[in-house]
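When the chains are written out, they are named A, B and C in that same order, and each has its own residue count from 1.
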Amino acid sequence: MALLEIKNLHAEVDGKKILNGVDLVVKKGTVHAIMGPNGSGKSTLSYVLAGKPGYTVTEGDVLLDGESILGMEPDERAAKGIFLAFQYPLEIPGVASMTFLRTAVNAQRKRRGEPELSTPEFMKRVRWMAEKLEIEPEMLRRAVNVGFSGGEKKRNEVLQMSMLEPRLAILDETDSGLDIDALRIAADGVNRLRSPECSMIVITHYQRLLDYIVPDVVHVLSKGRVVKTGGKELAHELEARGYAEYQDDAAA
Amino acid sequence: MPAVQETVDQVRRIDVDKYKYGFVTDIESDKAAKGLSEETVRFISAKKGEPEWMLQWRLEAFRHWQTMREPKWARVHYPPIDYQDLYYYSAPKKKKSLKSLDELDPEILRTYEKLGIPLREQEILAGVERPDGTRSRVAVDAVFDSVSVATTFQKELKQAGVIFMPISEALREHPDLVRKYLGTVVPATDNFFATLNSAVFSDGSFVYVPPGVRCPMELSTYFRINEKNTGQFERTLIIADKGSYVSYLEGCTAPSRDENQLHAAVVELIAHDDAEIKYSTIQNWYPGDKEGKGGIYNFVTKRGECRGARSKISWTQLETGSAITWKYPSCILRGDDSRGEFYSIAISNGRQQVDSGTKMWHFGKNTTSRIISKGIAAGRSNNTYRGLVTTSRGATGARNFTACDSLLIGDKAGAHTIPYIEAKNSKAVFEHEATTSKISDDILFYCRQRGLSAEEAVALVVNGFVKDVLQQLPMEFAVEAQKLISISLEGSVG
Amino acid sequence: MNVDVKPMKTAAELSLAGVYATAKARLPGGGAVAALRESAFRSFDAQGLPHRRIEEWKYTDLRALMREARTVAAPPDAAAKDRAKVAPCVIGDVECRRIVFINGVFVPELSDLSALEPGLTILSMAEALAKGDVRVTQHLGKVLDNNDAALALNTALMGDGIFIHVAAGAAVDKPLHLSFFGPDTPASVFTRSLVVVEKAGRAMLIESHEGASDADYQVNAAIELVVGDEAHVDHVKLIAEGVKALHVSTLLASIGARARFNDFTFTTGGAVVRNQVFLRFDGADTVAGIRGANLLDGKQHVDTTLVADHHAVGCQSRELFKAVLDGDSHSIFQGKIIVQPGAQKTDARMMTQALLLSDRAESDNKPELEIFADDVQCGHGATAGALDQNLLFYLKARGIPQKEAEALLIQSFVGEAIEGIEHAGLREVLLEAVAAHLAARK
């Protein structure tokens, strides 16, 4: 059954229309890639799904498990299982990564009526995940993303995702700024989360990431609409031919 | 769950615009007549049974005060204070002198229980558990309006050679010691409010730590203003003799009243060779209501002198209360290789006005100082850091590092930074940096995307912002401080 | 400390009152100008000479530093004009339009007012005041609301100066060089200029102040500047007064929207110098760079006081001030960034750095922030200290002698501020001036 249904979604930022009728259905356990030229609305879509203030939906709806999420606060959506891996993760001075993670995990569990994780259990999980992602324990004691390299920030996003166990993970350009080794580590982390319980939307400009996180479905977004949908081979076509045919009058 | 959740829970439990410590204790008190004259000064001195030299010292201060004008340079505004319309002395009435706490007015005992300050030693024995499993204890001097009502652990401290008692008692029991040090760091003529204090101070704490002694427990004084129209003028004097160490903490609260009340304290610290004094303040005087009605005028002079070589004085303050705060805990670094530190968190909300900071005077060679100030301005408040770092010509090798960060919450608050940096020696190195920022919407969204509510997100970011300073507080008070921070900011997120 | 008593008038204050009383009848301008002078003098008279209890003048006690007031200098004689004519130009061979003042008086025969670019108007201030030129009177004394006592004194006694008008959209390619020569007698000069650059206009202003080394003259110079929307204005001031001179100068600027404004002050001369810069950002999205360098020695006392007042959204300002101090010199920097309510997205950064080369030198810094809007990026930094001994050692280990190594480090220290000047030729002139100053160091 469909986990996520996006119906004729129109959205604008600062009065500027960015999304112009996006339709998309994500089934449980499937991985969807969204590709498209710069400015096609990929990041906007991810922010609208996560509920970022300032992004106004003017038409259409977004349903999670058949229930509209548009009226929900960002933290409510997070507790429902939506996770956004940010293209540019934010720095939070003075707040240790470990504290941040524990606060987030337990805030979500509490909201869902689940018991909080005991400290030893939490620590055990974090350490295990961190090791897989080649994140030094020292990094967890440092403030969230402060002084982290681009690769470290992205791996930290994947670590958060692993700990928060989302049902819908949205990865916004997780590959940007990563070298090939860092990309593989991050992708391995994402792949470990693939399960019938977890769906994903992988947003990327390049096909490269999709060699590591192989999608079930690929969509092309252009001028705020899904203009083409296909299998994983569509990504290769795009890599070879570029986005020119999807933005022919974009220059106008 | 880390402290963040606790703080948020705490915030939720409290109604908006309700100051937790705002209750009034109904008790009969013994007051001096309203107004200020030589008679008032004589009355206070006589009440305390002071030696003649002390009375003369007070009178000199009073006469000098009459020639002075109230300072106007701080970034604070308030209607003129009528110094003749205040009570300068108020003490809970007692029938006879107390032999034990059991004879203390039960109303007062209950007041301190309500404030979370246990005065019965057996209740304190439980103490606070440290991470290593040991339990710490804190000796408390409780000052209620103009007098000290109880001081705990005096006996045990005495065994260690530490003198910890109300200053009025010290004037009777150790007059020579008091006379030797009183007014040597903050002279009786120092400034308008300090001079007023010198004339009329009624009580406060006195601490003397003998050479080589590490004070066996935290010392603390808990100040409470209860009576209406009463100024509180306490005087604290702490002396750490050669090679000794003491950590001292003061806490302050007052009832919620519609009138403004004056608090003009003086604190003097003296550290001899190799001695260290750590002085922490959690200032939570009544801040007034959200429209700015009522609240304490907190005009205090705090100064420490690193008199000996290699001595160290460290000020840590968490300022959340008072309608107006005017205070600059400072260090005179006279001894060679001495060190001064100032760590401050100043939070203003509602209509509060804060003008606070420090002064570091480098006189000795290779003296160092460090200033970390975190100002958080919310509501319609104004929050100013004002600081001076200066060297004498002889302060070769002096070093200072200053970092002042301001955080604005909402667009109606003001955050100001006014540092004075005076370098008069080429072998001295000064570094100063200041930033002003807000809690960005992007960070709030990031936190909320991870499942934190708006309140949790603000509490988390603010706790991160002040972390460097919070870590300087003694463990026993850090948790309380963290809670207080969130409470002070309640209602600041829209 | 707490007694604000009305102090007795000093000898200098009394004689300034005398100077004004005798001079006002023959100072240029009738009616409105005379009224402006009169109210300015009353303001000065009420305030007196600024002193250390006045927060803005805390480090420069003019009451103590200006023991006597001088009489207003007489117009220059032929000899003075000849000396100015042959004096080497302080800005070298940078191509510019020279406008010369001696003893505070405009000297047409040494100035080049020929073939003015289209849209450029230049007029002597004395002439404009005498005529009551409305282009001048509509702005004069009104560009910023400022109550500074030294400025009030200037307004009361302003004699000559220049009025420059750049029409909307006009680009004045050649820099305008206002070259001021001080009197060679113990006299005083009060010059006042007004520069109006209309919308999208372009102009570069170089202001230099020089004087005889043996005369203890006093200069009080002020410029009011209006930078229109989208205009691009550069202002570079060189203070190279004689060693006994007392110099107070003030720049008041109101800056429009989407404009570009750069200001640089280079101070090497004068016994006592107070350089005041008051800026108000009136329009959105303007970018400004305010910089300066002081190279001081002997008993020089140089105070730079800057106020950058942000009233509009989205403006960016960068302030960078450097001081290199030898001998018993004393350098002061007071810089205040104000962000008014509603001036969101202001991005203001201020840095002040002092290099103390002598144990007797003193550097006082007061960088202030006054912020009333939350969505801003504001910060300041200040450092004071000696040359980095590790760097010095590194250079010496590479075979560079002590003095040269020091010079290299000092040059790069000062160079960082000079780099902010957009005009390449002028940048070079100043870097050379720094090199020459360092070569002359003992």
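Here is the rule we go by: a residue touches a chain if its C-beta (ideal position, glycine included) is under 8 Å from a C-beta of that chain, and two chains touch if they have at least 3 such contacts.
Because the structure is a prediction, the values reported are computed rather than measured.
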Item to complete: Going by the contact definition up top, give me the pair of chains with the most C-beta pairs touching.
Response: B-C
Worksheet item: Quick one: which chain's Cα centre is the longest way from subunit B's?
Response: A
Discussion item. What's the distance between the Cα centroids of subunit A and subunit C, rounded to whole Å?
Written reply: 55
Worksheet item: What whole-number Å value describes the gap between the mean CA coordinates of subunit A and subunit B?
Response: 48
Worksheet item: So what's the Cα centroid distance for subunit B and subunit C, whole Å?
Response: 44
Response to the item:
Residue ranges of subunit A touching at least 2 other chains are none
Item to complete: Specify, in ascending order, the residues of subunit B that touch 2 or more different other chains.
Response: none
Worksheet item: Along subunit A, where are the residues that touch subunit B in the complex?
Response: 50-54, 73-75, 77-79, 83-84, 86, 89-95, 99-100, 102-108, 111, 116, 143, 160, 164
Practice prompt. Would you mind writing out the residues of subunit C in touch with subunit B in their complex?
Written response: 1-4, 55, 341-342, 344, 354, 356-386
Fill in: For the subunit B and subunit A complex, residues of the former touching the latter
1-2, 4-5, 440-443, 445-454, 456, 460-461, 463-468
Worksheet item: Can you name the residues of subunit B that touch subunit C in the complex?
Response: 67-73, 191-192, 393, 406, 408-438
